[in-house]
Structure formats: C-alpha cells, structure tokens
C-alpha cells in the first residue's frame, strides 16, 4: 500500500513555478494582494507569502498551502497592515526546510529592509552563489531569490536603484520580480521578457502582477505590460521607468499562451482564450480526420477543442469529466487496483463516446503517462477510434526559465518520433501543431528563425540565454526548485 | 473586515446533502469505499466517514474535511481492515458537536453491532424522536439517521431484516440507506425512490452506491438500480431482494438530472449529461432569441449550454472563467471592496463578450444573488445585451427530502414572477424551461398530473409524502441538518 | 527504536481515575470549574471536560490533554456561559474512540437535558449494560457513566430524584458523581463512601468536588464531607440532602491518604500531609535500621520521609532529583540505551549519597520495575547500603473501584513475600508498614476486622462490595477504562 | 476576561536563557542529545533544536515546545541520523518570527556547513551587527548567535579554528557555545567562564554540555569543566584544547548555584544541592529568629530550607504545596477572582501552618509580586507570624549575560531598602544572606573585592565586562531575547 502524490492539476504537466503581485497606495494592500495571489493560484499551488509595510515595520506571513487556506482566516490579514505589500505564489516541495524558501524573502540591508520575490529562474544562480559564499555571504535558503538579495547587499551605492541595477547586470536567465522597500514597490523584468509582468491601477493604487486576471479579481484597470528589460519604481510620486540595459528583441514564453496562463488573461495584447481557440483551429486545418465528436481533455484542452470544433463543424462533446476535488495526496491501496489512479481525476463519460469515432484535444504531452490512461479509458467507454491532436509542438527539451520540467530523458518526445509516440499512447493517429502553425495562430506569418518572436526552447532547444549552471554540470536542477538538507 | 464562508461550489445553489457507498467481499473494502466517496464528493463536501468490519471488530473513521484529506494519509486506510465497509459523505456544519453527526453512525445492538448512513431526510423524524425519548432512548446526535437506529433497537425479532422492516414502516420521507452488520451489507430505498441508489459489481465484490460515477472510479460494473421500496441484503451467499411494502409508482428527484448528479452518471437508465443537453435544446426551442454567443455559467451550466448552442447554431463560448481553487473561506477585506466577492469564483472573459449579444445558460436561480453579480460582470466586460435561460422551472418551494434549500421566503421565484426576477437580476430577458418541456427533455410526453413521473416538489409544491414535522410547526429545519447545543 | 509512553507521574504507580467538580450559583461557573479541575489534575491527567448551563442551553467542551491546555485558551471559557457547571478529569487512553468517553456525558432525556460525570467504578456495569442493550438501549461510549444515563432514562417518575434513586439502587461499586440538570447540580456518593466528595461554598455559590484543594484554589470555604450514601441536590433554594439507602458503616479508600490525594487536602477530617507524616513515623517505629540519611523517592514519598526522619533524628536529604518536565512520551532510542529510561524522571544526587548508608522511603511498590532502577541508581552514586521502607502494606490485590491497577499477576507482592521482593529490587533490607500500624497512623487503635474502618482491599483482598462483573468472568478490565473498537 | 501567560516555573523569577549539548562519536547522537536537552529543560522551556551530521548531510529540527514534545514522537529522531549532533534549549518568545531564532543556527560557509548554538549574551552584539550589515551581511534572525556566524564567514583563513578565534576576539560578554562542522564538534567558553560548560564521556563518544545532570541522564562520565577562555575541538582523533586568549581570573555566575542549575549538578567542583544547603545554614547563622517551623517556597527554596532547618533544629515542614501541572497559559476569568492567580501554582497547606510562627525560605526576590501573595496565603492559613529569609543578597541590578531580568526599575531591591521590602511583601521580618556570607557558603573566606571569585553583578553592579550596547543606549534588551517584526 503506497501513497501517491497527485499535483492539484496534473503530475504529467509542465508547471509554472510562481506568480507575483505588488501594490502601492491602498489601505487594503495585503487583502488585495491575497486576492491577486488567489487569482494567480494556477501559477503555484503549494506555498504563498505576503510582506506588507505599514510606514514603520515590515510584516511577513508565509506558509505552505493554498492562498485561501493561508490568508483566509480571521486576523491574518489584520496582522499585515500598511498601504504597500508584495506577494508570491510558489510551486515548491513540502517539509520543514522548504519553509525557508517561501517568498517573498526579507532582509535588513544597510539602507533598510527589503522584501523580494520573483517568477523565473536564473541560469547562473549556482555560480553566483558559489562566488558569494566564498566572499562571506551566508545563505539561508536555496532559492535563487536569495542570490538577488546578496548581490544587492554587496553592491555599492546609497540608492537602492543603483544597487539593483548592479545586481541585475550579474544575473542571467528569466525573472519577473517585485520588491518592497520602506518607500517603494519595485518591478523588474529580464531583458528578454520571458515571464509576464503587467501594470494596473485601482483608484489611487498601482499594481504589478503576473497576469491581468489578478487585476480583474479586484476590479483594477490594466495599464500596460512592463517591457522587457524595464525596471519600474512606484512611490508616492507615481511610476518611474528605467531601462538600464541595451535593448534587445523580447522573447516572451509561448507556453504561457498554450497552457500556463489563465484563459481570461491578456498578455502582450493577446487574449489567452482566443489564442488557444486560434491554435485549435490551426491544428484542425493541419491535421483533421473525419470523426463524430471533438472531446477536450479537461480543463486545459477546452479552448483549443472549441476552436477545433468550430473550424471543422464536428460536435464538441464532454466525453471526459474531471473531478475538481483532487487534492495533494490520495491513497492507492494495492498493486491490483493501482491502475485506478488516473480516474481520481478524470472519468470517461460513455454516453457521447460509445460507438463514436473521436478526436481528443490536449495541450501537450510530457511523459505520456496520463495520455495513455485517458486513451485506454476512452476506448473502454466504447469509442470506435481515438485520434489525438495536440495544441503545441512536441516538448523535446527541458525549460530552464522557471518551469518545472522533467529531465530531457523523461520527455516522450525526446524518446520517440510522432509515430512512436502514437504507438506509446495507443491512439489511431496523433498530430501536433507545427511550429509555424503555432506562430501563425499567434498572429505571426511564421517563426523568425534569425530572431524568434517568442521563447520556444522547450520545442526547439533554441535557448535565448547562456546556461552557465547547466554547462557547468548542473543540468538537472534549477536552483529555484532545490531543497537543501539544512 | 469580515470573513465570508463560500461553499466549495456555490452559496447560491441548492445542495445535495449526502452520498453513500457500501461494499461487500473485497480485501480492499475501505480503500475502494474511499475512492467511491471521492467520486461522490459533489454530494457532500464537509465531512465523511467509513466503517469497516474485519470479521471480528468494527473500525470507524469519521472527520470533517474532503475525502482526500480524511482518507489520503498513510495508515488511515490500514486502520480500516476488512472485506466489508460502508461510507458516507455529508454536507454538514462545522464545530465540535457536528462531529457526532458524521455518518456512518455505529451502535451495539442486542443482536450485535450495526453501522448505518443514509442520503435523504425523514419528514417525521422530530415526531419519532420525541416518542423515542419519552420511551427512554438517549440520542447522541441530531441526525435523522439515529432515529433509524433507535427504531431498530426498539423493534422486536431476532433477525435484523425483521427489525429493519419494522423500523422503515414507521418513517416518512426520502432515504437511500446503507448499513453494515457483522455478516451483511444492506441497502434500502424509500417507497418512492426519491434519492438514487445503484448496485454494482467488481470481481467478487458487490457494491451499493448513490451514483454510477462511484462505480466507474474503481472500474466496477453497473448491475442495476435498486428499486423504489426495495431492501437488498448482501452476504456471502449473494444479493437478496426484499420488497416489504405495497408497490407505488416511483418518483425519483428530477433535480438530480438538472444539477445534483455528476454528468457522467446514469440514473434509472438516463445519462445525466445527455439529459442536460436535451434540456438545453428544449429550452432553446421554447425561448431562443437572436444572439452572438451562448455562454455557460460554469461548471453546472455547461452541458445545457452545449445543447442550447447545438440546437440554435450559435457559437458556444467560454465567457466566464471559474477559479477552481475556491475553498471554504476567503477574506472580504472591507465594505468598499465587498462587491469583489463573486469574482473569487468567476471572472468575465472580455474577449468573447465585448460588443456581443449573449445568452447565459444556468441550471437554476435560488436567491438570485450570484446571478445578479454575474450579469453585472458580463455587462462590464462589454456585452451589448444579456439574456438568461434557465434549464429548470422556477424554484418556488423548499425541498424536505435531503436537500439544503433556503426557506421559501428567500427564494427569488417565491417573491417575483418571471418579469420581476428579470428586473431583479438585471437581464434583458429571462426564461425558464416549462414543466412540460422539462418532462419532454426527460423522455416523457408530458407531466402526468395524476401520478407524476418524478418528484418535482421544488417547482410545483406537489410533495409526494406527508410532511409531519413541517405541518407540526417545524417548517424550517430538516433534522438531518441540525446542530444541537450539546 | 521504539517510543515509550511514560505517564506524567509514573508508569509503575496505581492511578486514580478521576476528579469531579460541580458549582451552582456563580457567574464564573465554568472558569471556577476549570480552576477546580486544575487543582485536581493529579486525579486524571489525560482528558477533561466541562458542561455548563446558561438558563437555556447546555454547553459542553471535552478534550484530551491537561486542564490548562484544554481550558486555557481565549474564548473557550467564554463559550461555556452560565451560573452552573460540572467538570471531570479523566485518566484515559488516547485515540479517536476515547473522545466519546470523556466526561461529563450529556444526553437529552424525556424530562430535559442532564450532564453527568463520576469518580469510581461500578462492579456490575457490564452486566447492567448487557441487560440495557437487550432492552433497546444504544450505547455510545464504553464508560460506566453511560450505564447511569440509561438507567435514569429507563426509570419511571417525573422527578429526576426519583429516577436517580431507582438508578442508583441497581448499581454496585464505588462512585462519587456530580450531575447538572436545567435547574440543579446534584452530587451522590456510594453507600460505602469509597471515593471522596466534599461540599464547599464561595459567596453565593455551592460547590461539590473530590478534594478540598479544589476549594482552596478558588478561595472557597470547606463546608462538610458528603456522607456515604448521601444524595445532595443544589438548586436556587439551597442544598437538599437525601439518604435513600439503609445506613451502613462507611469505608473510604485508605490509599487516598497514602498516595492519591493531594497532601494539602483534608478528607473526613484528616489532613493528608499530616497522615503521611504519621505513617512515616509509625513506619520508623516498626522497622528502623541505623543509617546516615533518609531519602524520599520524590515526590510522593516526601511527607512520609519527613515523618520518618523526624521520628529517628536521621537527616532528611534530597538524594533523588525528579525532572518535572516529563510528559507523555519520550524516545528510547535503542536496546543499548533502553536502561536509561528511568533517569528521564529521576536522577541520583551523588553528594548526599556517596559513602552513606541510606533508607529510601516510598509510598508503595506495584510492579517493582521503578524501585529496582532507583536502587541501582542510588548504589551507583556511591551509597554503602540501601534500605527501603514503604508507607503502605504490600499491594497484593487489584482495585475494582476506579483505580487503574495492573492485573494481580503483575503485582510484585502477589509474586513474592517480602524477602523475595527485597531480592527482586536489590535492597539490603525492605519493610512495609503493617496493616495495624497503618490504621494506628490513621488514628484508629487497629483495624476492626469485623467492620473495617477503610476500604483496604488492595492490601487485604477484603472487597467491600460484590464483584459481579469479575465473578462473571471479566476480571481484568474495569468498564470505565475500556476502549471499544467502534 | 483575560488570558495570563504563566511561565512553567515562575513569572517572578530570573530565567536562565539556554542550555547546550554536543556529542561526537555515538551512533545514537541525536537521541542522546534529546535526552541531554531534556535534563537541561530547566535552562530554557520554550523552544529547542538539534542539528545532526551523518557524514554527508546536516539534518536540523527546531520547534517551539518542550524537548519531550518536540523530539518524543516516532520518526523525529530517525530523521536526525549521524554520529555527531548538537542541541540547544531556549527561553524564547512565541510566534512566527521566533522560529527563525531557535538554535542551533545553521549556514553554508565557504569551508562547508556549520551549526552553532550558545548560552550567554554578547554585550556588543548590536554594535557588531550594525557593522556587519554595513559590510553587506544579511541577517535572518535576531539572535546574537548569528553575529558569531557572520564574524566567522567574514574571517580569513582556511581553518575553522583560525576563523573562530578571529570571531571570538571581536565579541564581548558571556558565552558557552557548541558548534558542529562536517568533521568536528567544537566547544568554547568566554574568557571569564560566566556560563558553565563541562566535558563528559560515554563509551567512545565525547560530550559537551552545560551541566553534569545532562551527563547523568545518559549514564556518561564527567571528565572535567571546560576552562574559562578555552576552545575544545573534538574530532576522530580525540579532544584538542586551545587557549588563544591571555589568561584572566575566571568569574563564573554565582546565581547558577543559588537558583539556575539543577541541584544534582556539580559545577567547578561544587555540588549545587550541597551549596544551597550551606547557604541555608549560613543564612540561619546570620539571621535566625525563634519559630515553630521552617517552610520552603517550593521547589527552589527546598535545599536552603533543609540547610536552615538542620542548622537551627526547627522542623522542616511542607507548608506550601506546588501544582506541577502549571503550563504556559491559564485563564483568569474576571477582575473579581483575579487574585486567585497565584494559587494556580502554590497552595498553603493549613495543617503545618495554623497557629504557628514560621520562617519561609526562598532563593530570591525579583519584583516581589509572588512573595506578597505567598505571605498573604500563609497568614490566611493561620500562621501567627511570618518571617522570610532569602538565600541570596538583594537583586538590585540587571543581568546582561544571558539571563532574562526585568529592567532595574522593576526590581524590588532597587526601589526599597530591606525594611521597605519587608513592608511591601507584608512579613514580620525579612533578611537576605550577606555577600560575604554567600561567599563563605561557597567555600571562600570572603569576597575578594579586587578580583572577585564569581560574577555577582546582579547583587553588586560590578559587571566583569564592557557593556558596549548598553552604554550605547540599548539598555533594556539583550539581543538574544529580541523579536523583530520581519
């Protein structure tokens, strides 16, 4: 008898690691931050934290759990007073030591206190950490966020901005960070703008957050995306923009549109739900076969399936039902019934499947384990033939920019070509959208090979930054996901 | 600053109170019961319990929380050994005293131990309790389930079946019960069959449970529905059926098809998902207006919206996005932002709404509070006109058969006619499916007024049983929902 | 590696099972009850409960833990309003099922609610329970207290007093009970008065409790002992005494004076501390040997050691130091260091031991395991010779009146004569006070063999009541200590 | 109605802050450390931690609570593998932020990991912290222990010993520290040896700990005291001693003998219990008055009272009984019964008090609040006259060496002369032992005014080190007791 951990969403998906939120100028700063983090829960379900500043003291609260569990009880918000706050959701592991890794991190600097959290991953964090420790810095966590802290502490200059720019010049990788000092809320996005960060406004308050859905939940207005390479400083005089780096073409993560972001968010002017429908329609144009029903793999496959069904005229049907109560653990009582596992999350709905030819629409295939079980379930429910269509190209490369990917060896697309993948998951046919099809669906004529419009490294292996740690021999783990023994 | 409790699904919905599961003849009885209860989680989210029997001892575990929280940790299942078990999900209130009300209840009788749980509500439970207490019975809980126990304890006869029949003859109302004795698992359904109960088989084991989805999750086969008024006794010799009452026409609850049951369940031969699509189609035929998009109110409005969209050819669009992380409590930080509450659960997705005429499809209107906020949200997102179509007739009467309904005075359909309701929720037009339209969608030519095919009392006020407690002056509360001070 | 449960005081002692407290007529009824239970903590350390009545509702709170842990947090007392309350400390086992056994128990009767708790044990509880179950009573706990409840429920008469007298006529054994109805607080003591119960007064309030130390803690005045066989009913008109049974000579438990009661309590006119000193002096007169120091085994041996030292003129010295932080569990990490266990509680203090002849004074020897380790420890600290003197006669018989005794087979005094016991625990000499010496120390000329002045069954085997359950074959367990599997 | 926090021992006592334990070379290192910390529980009751090293990884566990609560459950010790470990008990405040302050602290240094805990207080910790932060060090806790860490991180040299010596040269104040690196357990005592530290041996393992009672509990042999100013390094080659500072006369804290240390410990060759008896005897010689009984204020006054009684021939009697179940909080229900508070801990035992002239023997008077209540209680119990004798000189000055003292203004001895103090606490006479009497009891002819043999600053104001932080304006708080808002 063993216990199997099932992630709230899916153990066989890539996972965004983090969501961030910051607000300056509202008497309800912490409450609004909690609401914003709740809207960003899909970006990190295992821990969350808020630090507020009340004009005199910083107030932190960090815990393992969902935002509603951590910040929903009476009094917690009351213990986070002040008109400025930042917050962070984290995809993290459990256990005593992990508590030290929950962001925002806080430290006392010579210039005063500073809290800091980010979404992304530094690809030279281990190298920087090694150098800092040699220099006498003591690390308390295993997050790359603490690398930012020590770089700032060791930078020179009285102004926080000067120190921050010095620190950011030393890092490589992807980051969308928010910080809170005694007088300011600060946002910064890496030079390529891999991870999203937007600016919003609610009455007199300014907001920085990962997605527009975190503005919607509190009724705030979207103002603009923070630009790639931009640092914004928000204080009582308003929003100040700084662009200390040479400008390069931005390359936002294309997987945000395919799976990570919430469908009701709009990033860089593109609505996520509409993008997914366009991808579904393009996918249909590339690879449709005659079937009786289009079945989404819920929940993430639904928008692409709607686009696919609209494009083809084939009925859209709920042939798979998802149980929304799946939590972190569930028991799997013996080998004999171990194969039941997948039905904890999904059940085939026989009525629209029996005696039908169907196409299943999903967003990606990672290890393929879930896909295989779903296909078997659909066949058992009486489907005559099962075709699978995927609204992304094959995921053949690991991500090093703040996404929890299995090692490359575990990726089904690394092990097999498309025909081999089809055999592995047991479908009658399998097709992925093409890279150029994906770019077309995103409103581009095609992928600009010389200067790609998006980061698509997980499909192409074309990484837009140096991978110092990986090339130094630390291929498997991103520092931001590590747990240290002490 | 106040805390608002939000139910996992919706504070403005009717709530099924319970789900039941029983299994006889499997070495994994408790584990399979936990999985079955997990599949029935939508029937009761606040507490759950399992009692197993290992041939010598009964083993109980009952707690407040979701099934995965209560039964997912290592060792809990191991402490529930045996080849027979029953389980129960409960929609209950929190607090110390409520723990005593979590089912299955267990007691030592003269004939041995018996555990018992049911789904439904006895309409003469208070009257029976009063009589039993006068006779020297001591009640430990406030559930009507304990009424069953004392009636059995005070019945005569050495055979449990004889005692059970005596007990059931005294009760009025709706019940689908499962019980576990040293040698048997027992199921019983009230003479009208208001609440569902089905029989399944997994290898050598027999299963009794509320819905077929609890069979699917463990890979069990559906055998048949337990009939109205039937008692089944499962022991080592198989399944024995008893029908001790005069046969009357069954009247299963029609709201199970509209909202309570899971879409992938099949009850009395009707698939719930297909029924909902048929209702949506019928609703479209009765009351369609020209619009640009059909928008389901997620999640329960989705199947009817698909039926509606298919019938009319209007595109089905996800104009409302639901946050699946909403838990039991969330903070509402001040009066000023109190109106944000509803966005905890739903957000309008502007892209498919802006500049469009839309019809929203929902399953019911109870108090109307949620509907009003959703309509406002859709208008704010830019919809030109908003029409609402409801896949049930107006809910104008309370349920006394195991559903948590507000008092009749709080029901919007009790306060207003349809035009008044439309004004209250702020739509351009509002329509409900007609009673006969609903029966047509369920495969009947129309409602048989002399002998209706379903229990539809919440729409018609035509209650199929005596309401002894209500008519005796206890209108508001069903005993099964009470909390007593000690 | 194993975990060893160590009782707060000593796993090798007899344990009083319970303490009771009741108060009528104070606005702070629950708070004063909590304080009283705290003073009685030595009578039961593992669970406690209070039920209050506020003129309209009964309010219960019961939990596992120490009184200060259960009733010390903000708000708990506030949720127990009213001018009347009763409380109970319990020596109980842990686990889910035990919660149902924590007293006071409460039930709704035909005449209204009644809460009830007692100290003692019924020696025919199993037999009564069997009869009640056959008659249709459903038991929810495994306490003998619930037997009282069902007897009262099945008694006739409108007056609670009549029902209570009927119930008490059917029980055998020892009990000092307190009960709370809507209008009264009631106390009752068995016809022999085995367990103590006293009446006190604080301003306008009346108090019933096990020992006078629970009056002292709240500044209440001692009024009188409740008499053996007396029932007192306290209501707004004052204290009413009833003596429904034929009077017999009382036989209070003599072990209360030797070990159970707190030294600052006075029972039946005898101060416990002074009694223990007298026993120590008598012990010295009976069996002194020349030594250099008198060493108490802390804490219970201290008063007798003072009496012994005063009588002999030998210096009283703290040769054993007790760690007062010992809690319920502590780890014993491996076989190799398992023998360390006893030092968790006691450490030999070498300075007053090294090179000395010493006498150790303890109150009793149960299994002898602790005595053996203490003697070894004292020798290792350099004592030249070690003599042990015990302030009670050999404990050769089990108690069936509410004390947790090992089975007779485990008692060292059942296995060996005094010489054998001396060898087992490794002392140079061992002596117990004689039965008549003990009675002399208690102010009697000697034990009245025909009609003993005390219950001394654990020394003499002369049980003052019938032992129906034991003689029926249930020798080992007292019902009040049982845990049932469901 | 308010909640009052009562310290396990006494809110009106000085509190030792910490106990330390380290072990090298035992397969049961963590289990033995837990046992040692349990024996040192009196030195810090509110939090504890252990860090072990298993040859590859460091394993920490730190929590709020008693040692038995933190380390007594199954599995906790198993998660602390390795043959070397250090542990720490702390007198700390509660709350989220305090968790970061629980020792041992751990950090990764350029030379590897190091865990560190100490007993004492640095009198220039704030000044050092300020300088370190200016230099780019980030502090995560508010303990002075972290100052040690950063000093070591910023020291030069590859050898840990060199770095440690550099660090220790910069600190002022009192410390007895233990540290754990990958290859060593290290102990260090400040140049004056204010706080105790002893070396012991158990089979092949070496042990460093605060008191000998922590050796006794695990059956280890006492080897010697660590000398003032000594650094010992224990590795696989044995114990290496280093004395890097110029030698000065040691001045151990005299209050360890009067109150802090356990009576069964021996420090610098003096047994604590015997020392206390000598102080009691000297006190009697200085200030005896004719009385009928000598009454100790339990538990700390007992040894001095024995010495006093032996010296005078007056009977030693338990006139005050202490409730050993007093925990951290207890409710005080209303103003009217607030004066009950003190009886939570002590109760007067009337039998040996009524009609008697008594002397109460206590170890110290801090604020005087408890003394006043005890005197009143003794008078209420019928004592004819009440004299108090204190086994220390008046406590007129704060301690800055790791003891939690009230500010000087709150000390009764700062506000009043002895006659005034007698009036305040309501006794017939009051006397303290003289400074020279105390030194005589400790085996000295008298206090050496030029070079005192002990630190007695709390009596004399003669502080043996600079008080940099205090003189810099931070008089009130020792850094080791601080809690920061973030």
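For reference, chains read A, B, C and D in written order, and residue numbers begin at 1 within each chain.
In this section, a residue touches a chain if its C-beta (ideal position, glycine included) is under 8 Å from a C-beta of that chain, and two chains touch if they have at least 3 such contacts.
In this text the structure is predicted, and so the values were computed from the model without any measurement.
A.B. asks: If you take the chains that touch subunit B and keep only those that also touch subunit C, what is left?
C.D. replies: none
A.B. asks: What is the set of chains touching both subunit A and subunit D?
C.D. replies: Chains in contact with subunit A as well as subunit D: not a single one.
A.B. asks: Just how far, in Å, is the C-alpha centre of subunit D from the one of subunit C?
C.D. replies: Roughly 36 Å, centre to centre.
A.B. asks: When the centre of a chain is set as the mean of its C-alpha atoms, what distance in Å lies between subunit A and subunit C?
C.D. replies: It comes to 62 Å between the two C-alpha centres.
A.B. asks: Show the residues in subunit A shared as contacts by 2 or more other chains, in ascending order.
C.D. replies: none
A.B. asks: Touching pairs of chains, which are they?
C.D. replies: Every pair of chains in contact is listed here: A-B, A-D, B-C, C-D.
A.B. asks: Give the list of subunit C residues in touch with subunit D in this complex.
C.D. replies: 1, 3, 8, 27-28, 31-32, 34-35, 38-39, 41-42, 45, 66-69, 71-74, 76-78, 213, 216-219, 262-264, 266, 271, 273-274, 299, 302-303, 306, 310, 315-318, 321, 323-331, 333-334, 336-337, 339-340, 343-344, 347-352
A.B. asks: Which positions of subunit B touch subunit C when the two form their complex?
C.D. replies: Touch list, subunit B to subunit C: 51, 57-61, 96-97, 106-110, 113, 115, 133-134, 136-140, 149-150, 153-154, 485-486.
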